[in-house]
Amino acid sequence: MRRKRVSGKARGPEAVKRPVLPGALRTAVVGCGIFGKYHVQAYAEYPRSELVLICDLNEKLARSLGRKFGCDFTTKSADVAGRADVQAVSISTPDFAHTNVALQMIRAGKHLLIEKPLATTSREAERIVEAARQAGVRVMVDFHNRFSAPFVAAKAEIDAGNLGTVVSGFARLSNKAEVPLKWLSWAGKSGPQWFLLPHVVDLVRWLTGGEAQEVFAIGTKGVLKAKGVDAYDTVQALVRFEHGSIEFDTSWILPEGWPSNIDFRVELIGTRGTLAVDATHQLLQVAGRALRYPFTTGSLDVHGETAGFFHLPIRHFVDCLLDDRPFACTGEDGLASTRIIEAMERSIKIGKPVGF
Amino acid sequence: MRRKRVSGKARGPEAVKRPVLPGALRTAVVGCGIFGKYHVQAYAEYPRSELVLICDLNEKLARSLGRKFGCDFTTKSADVAGRADVQAVSISTPDFAHTNVALQMIRAGKHLLIEKPLATTSREAERIVEAARQAGVRVMVDFHNRFSAPFVAAKAEIDAGNLGTVVSGFARLSNKAEVPLKWLSWAGKSGPQWFLLPHVVDLVRWLTGGEAQEVFAIGTKGVLKAKGVDAYDTVQALVRFEHGSIEFDTSWILPEGWPSNIDFRVELIGTRGTLAVDATHQLLQVAGRALRYPFTTGSLDVHGETAGFFHLPIRHFVDCLLDDRPFACTGEDGLASTRIIEAMERSIKIGKPVGF
Amino acid sequence: MRRKRVSGKARGPEAVKRPVLPGALRTAVVGCGIFGKYHVQAYAEYPRSELVLICDLNEKLARSLGRKFGCDFTTKSADVAGRADVQAVSISTPDFAHTNVALQMIRAGKHLLIEKPLATTSREAERIVEAARQAGVRVMVDFHNRFSAPFVAAKAEIDAGNLGTVVSGFARLSNKAEVPLKWLSWAGKSGPQWFLLPHVVDLVRWLTGGEAQEVFAIGTKGVLKAKGVDAYDTVQALVRFEHGSIEFDTSWILPEGWPSNIDFRVELIGTRGTLAVDATHQLLQVAGRALRYPFTTGSLDVHGETAGFFHLPIRHFVDCLLDDRPFACTGEDGLASTRIIEAMERSIKIGKPVGF
Amino acid sequence: MRRKRVSGKARGPEAVKRPVLPGALRTAVVGCGIFGKYHVQAYAEYPRSELVLICDLNEKLARSLGRKFGCDFTTKSADVAGRADVQAVSISTPDFAHTNVALQMIRAGKHLLIEKPLATTSREAERIVEAARQAGVRVMVDFHNRFSAPFVAAKAEIDAGNLGTVVSGFARLSNKAEVPLKWLSWAGKSGPQWFLLPHVVDLVRWLTGGEAQEVFAIGTKGVLKAKGVDAYDTVQALVRFEHGSIEFDTSWILPEGWPSNIDFRVELIGTRGTLAVDATHQLLQVAGRALRYPFTTGSLDVHGETAGFFHLPIRHFVDCLLDDRPFACTGEDGLASTRIIEAMERSIKIGKPVGF
C-alpha cells in the first residue's frame, strides 16, 4: 500500500527561527530519528545554515520537528530532491536505507552528509561514491567520533610522532541490549557490525593512517534471536593492517546493569608509545537506584546554547561546502569502512580470512 | 619607572579576519597570558563579536597576538578604557590584579567578563560589584567549569531531583608544582586557594544551590617556600552549608609524575543519590617516556574549528549582552566565592572557624 | 529478665577438626556476627591455634558455628572467662559492647584481640588499656586494613621516603544505607563515625606516623533518622596533624545503586610525592541486572583454602603471642583512634575545633 | 665446556629454619630466578613442607638462597633427581627449558610443580604428561592466576550462573619492554606468546569451561629485534571456542612510562551478564618522578609474614600431595594451553586459521 504523502509548512508559534548569515547554505534532513534530530537541530541553530525542509516517514514526528524548528516538512524524500532551493541534504535513515535516498539526492544535485555506515554493502557504497563523482556532488560521511575531543587529541598525539608506528590495537564499541530490543525497530536488518563497528573501524583507519589487508571474524547469535531480532549478539574480528594488527570487538547484548548505553574503547600500541581512549565513562558518574555514566559530551544544553561534538561534523559539512574546503571524512572513507565490515561478515560465513 | 606605552595597529599579513555579523559586540581583552589568550581567540572567532583591541604589559606578546588575530594592541589598560568603540572587556590579568582594571573599565562604561577569582579580597570584590551596579555596567565572572559538559550534566541530574538534598561533598582542584614554579611569575602573590579553589567553591555553590555559613581551614607551607614562592602548598577547608558540609582540598605541589596538570574532582552525596565528576582523566591516556592524561575538553582545534568549553562562557557573555539575557555566573557569584576563600585564609590564620 | 545460659559441646558430624601444631594457642571468640565469624574461622583453620570455645547471645548461631568448626559454644561471656584452658580471646561484639567483656576477660587473664573500635568513648578505651597493663595481659586491636595489601605496600612506599613528609590527605570509608538499615540491629547505638572511621583514622596514623592535634567536624542527620535509626548520615572532619592536615569523610547513606558496600579511599600528599589507595573497585566488576564491584580481597575460598587479608591479623595475633613479638596494632593505637573520633563527636556538638 | 658441579650445605648463620609439621613434604626447587624464588620461599615458610634442596645454574645465587633459607644447594638438576629424600620438585627454569628437567625428575619419581608454560611445544608437553602418567607421578602447572582473588571471585560468579553462557571475551597480558630487554637473558628464545599468554589462555579455559576449536593469529616484530631480541613485539589471536570467540592480546613493548610492569585484563560477555578483571591497577597508585601502580597482590611482607597469591598454588601443591586431593591445574591444563599457543604461532606463520 502506498503511503500517503504528507507535507506542509508547519511553523508553529513555538518556532524560534534564528538569524541566518547572508549566503547561508540551504539544508534539509531525510530521516529524523535518534540521530537525525541532531542534524535538524544543528542546521536550525548554525547561522551559516538555513534549514529548509525535513523528511521522515513518521508524519507526526516530521510535523512536530517542523513546528519546533520552523521549517517545512514532508514524509517523502522525493519532495526533498524536488526542492530546487535545497543545496545540501543529511541522510540519517536506518543503516540499510541510505542508498536509494542518496542516489535520488545525487541525481538532484544535492551535496550529501550521510550517517555512518555509508551503506551496508560495498556494492551500494561504490554506487553512491561513483554517482556522486560523476554528478559533481560532494559526499561526507558523518563519522562524528573524528570530532570527539579525546580522539582529536589522540590523532594529534599520533601526528606528533608520540606513538611511532602503530603496530597493534584493540577497538570496541558495544551497546546495551536495549538498543536493538527497544530503540531500533529495524535492528534485525542491521547488527552491531553495521550500527557500531563503522565508528571504530573508521577511527582506526583515521588514527593510524593504514589500510586493512585481511580480515578474520567470528560472530555469535542467540540472545537477540531468542527475542525475535535476527542480528549478531557479538562480532569479533582480527584485522591485518600494513604495519600490524587490530582487534575489533562489538556486542549488542550488554546487560541492563551496564552503566552506560555504550562500552567504547580504542587502544593503540606503537613502536614508541601507547594510547587509550575510554569513552565509556564520560567524567560523570551518578548513583541512585542504579549506577549510571551519563553520556555528557555528545549533545548538551549549556545555558541555552547547544554544545557537544555531535554537532561539529554537521557544521563542518556546512563550512566545507561554503568555503570549498575538503571534508574531514569523505565518501571514500565510508566506502573503505563498509568494505572492511562486509569482509567481516563474509569471513564469519566462510570461516576463513578474507583479503582485499 | 613608568613603562612606556606601546600600541599599534598590527594586522599582519597572516591575520585572517573572520566575517562578523551585523550588530556584533565590540570587544577587548586586558591580560593575554595563559587564559587571556582564550578570550582573544574566542572573540576573534565568534561571529557575534568583533575583537577591537587587546592589551598586555608584555609588548611582544600583545603585538604578536594583535597580528595573529587582526586587531589593535596596547600595553596600557587606559587605552582600552579610552576606546569609545569598545563595548565589553575581558579582564584576565593575574589573580590579584583585577580590581583596578575593573574599576577603570566600569568608569568607562564597559561591560566586564572577569576571570576568576573576581578579586582576592572581599573588600575589592564588593567595590567592583557595587561600582558596576551604580554605573549600570554588567559583570560576569568566568567560572568556565559551569560550561564544562560533566558539570552541566551534573547540574541537570541535581535539578531533576536525582540526588535529593545534597548533604555532603568533597571538591578538589590541585596543580602540579610546575604551575606555581614555572608557569606563573606571580605565584607568590596568589596561592592555590585563589588560583584553584574559586573553581570548586563556585561549582559547589552552583550545583547545590546552597550558601556557606561557616568555614574551618588549615593550610601548609614549606615545599614552595623552599623554592622561593611564598604560597600555601596545600589548603583544606571544611565548610558548613545550610544542608550539610563540604570538604575542599587544593594543593600546588603535585609531583612531576602526576599524569595531568590537575587533580580535579567534585563528589556530592545527597539524600537520594550521589554523583562524582572526575575531570583529571579526560578520556585519553598516552604513555611514552611518561604517562599523561592530556586535557582534551578545554580548547582544541577540530578540523580547523575551535572546540572546547573554555570558549563557551566567552560566547555566552557576548550572547547575553546582545540578547539582554542574564549571565550564568554573575559578579555576585564571584563575590560569594571570594568571601568563602577569604574566610578560609582567615580561619587558617586564627585557627578557628569563621562564620558569615 | 535474665537470659538463660546455654552452652554445649556441639561437635557435629560435619566438623572437620584440622590438625593442630604442638604448643598451639588455645583461643575463644566472643561475638560471632558478621566479623566474629572470620575470627572463628581463622582460629579453627590456623594450625598454631586451637579454637576451644565460641560465644554469642544468639544460641542458634553459636550452636551452628560450634558444630561447623568443632568447638564448644556458649551464650555467656562469663563461660569464656571461666575456662582456664583458654589463653586468648577475640572480642567481636557490637561497637559499643566491647568494654565490659574486655574487662571481664582481662580479669581472667586472657590476652585480647578486640575488633575496632577499641571502645566508643576514650574513658572506656583507657580503662581497657590500663586494666590490661596492670594485669599483664596483651591487647591487640583488629585494624585489619594494616594487613591489606595496598595499604601494606603504601606503608612501604612511605617508609622508603617516596612521599617525603605527608602534609595533606583525604580518607574516606562509607557504606551503602543497607548496612545500617539491614545488616546491623544496633546501628542506632553506633554510627559511621564508630563503625567506619576507626579504619581510616588508624590507617592515617599508621601510614603517616603522626598524631592528631586538633579536630573540627560536622555531622548530618536525616535520612537514617527518618527510617528509625538515630545515627549520623554523614560525618566529615578536618584534622590537624603535626605536619599537615587530613580530611576524613564517612557516610552511611550510599544509594542502592552504589556498586560496592563501601566507598573506600585514602589519598596522601607528601613533600616529594603522592599516593592513593582506592579499595572500592577490587579488580573485578560484574554487570547483570546491576553493576557490582565484589569485595574480593577480604576472605575467599581458594580451591579449598581460605585466603584474604581478614585472616592475617588474627593469625598475627596468635603468632605474636606464641613468639613473644610486638603486635602491629596495639591497645594504645585503639585508644588513639577512639580519642580522635570522640573529639569529632564533641566538635560536631559544640561547633568548634577540639584539641588534645 | 662442561660446567663444574657445585653443591653444598650452606646453612648460614642467618638461616632461620622454621618449624616443620610431622609428615611434611620434602621439596626441592630447580631454577631460582625471578619466579623460582617464590617457590623457594613458599616451601621454606610453609609448615607442611620441608625445603631440602635448591638448584640453579648460577652458583652464587644458589649458595646465597641456600644460606638464607637453610637448605642444601646445587648447580646440577641431576643432584635433585638423585636425592632420594626429595618427594616433590618445582621446576621454574626458563620457558623453553622445562622438558628435560621434567623428564629427569619424572624418571626419578618426583612429583612436579612446573611453571607455566608447561612446555613451548605441544610435543614436549605431551611427552611430560605421558611420562608422568606412566611413572605414576603427579604434575601440576603453576597457573597462579587461578589463585588470584579477582579471578577466583570471577570464577565463583560464573559458576553461580551470573554470566549465563560466555559467548565473547577479551584477554590481555602485556609487559613493559624492560622485561624482555632487561629482566630476561633468554627473551629471544621465548616471546610474549610463551611468557605471558599462557596465563590468559589458561584463565579463559578455566573461567569459561570451554575448549578452543580454531585459532587465527597475527604477530609483529621490529622493536625488540632492533634491540637484538628476536621475539614478537605483539601477538593477537582470535580464537573460536565452542560457544563463542575470545580475542587474545599480548605485547612486550609497553613504553617506559607505563605505570606497571603489566597490562592485564580479562573481560567476558555472557548471555546474562558481563565481567571484567583489570589487574593492572592493584588498588595503589604512587606518583613521584613517575606514576606507578605497584603490584601489591603477588607477594608481600605483612608484618613479618609473607602474603600474596603467588604462594597459594605452591602451598596447594603441597596440600594436594599430602592430602591426596586433585590439583586445581593439571599437566593436562598445561598441555591444552601449550597447544593453543603453538597453534597461534603456526597461524602467524601460515597466515590461516589453525584448527584442532
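For clarity, chains are labelled A, B, C and D in written order, and residue numbers in each chain start from 1.
Following the convention adopted for this analysis, a residue touches a chain if its C-beta (ideal position, glycine included) is under 8 Å from a C-beta of that chain, and two chains touch if they have at least 3 such contacts.
Note that the structure is a prediction, hence the values are computed from the model and not measured.
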{"item": "Chains contacting each of subunit B and subunit D, listed by label", "value": "A, C"}
{"item": "Chains touching both subunit C and subunit D, listed by label", "value": "A, B"}
{"item": "Centre-to-centre distance between subunit C and subunit B (centres being mean Cα positions), rounded to whole Å", "value": "45"}
{"item": "Centre distance in Å when subunit A and subunit C are each reduced to the mean of their C-alpha atoms", "value": "54"}
{"item": "Between subunit B and subunit A, distance of the C-alpha-averaged centres to the nearest whole Å", "value": "36"}
{"item": "Residues of subunit D touching at least two other chains", "value": "254-255, 257-258, 272-274, 287-288"}
{"item": "Touch-based graph of the chains, sorted into line, ring, star, complete or other", "value": "complete"}
{"item": "Subunit B - residues contacting subunit C, complex", "value": "165, 167-168, 170, 172, 174, 214, 216-218, 220, 222-223, 233-234, 236-238, 240, 243-247, 249, 251, 253-255, 257-258, 269, 271-274, 351-353"}
{"item": "Of all residues in subunit A, those that touch subunit C in their complex", "value": "254-259, 287-292"}
{"item": "Of subunit B, residues touching subunit A in the complex", "value": "19, 21, 47, 146-147, 149-150, 152-154, 157, 162-163, 272-279, 282-288, 294, 296-297, 300-305, 307-309, 312, 315-316, 319, 325, 328"}
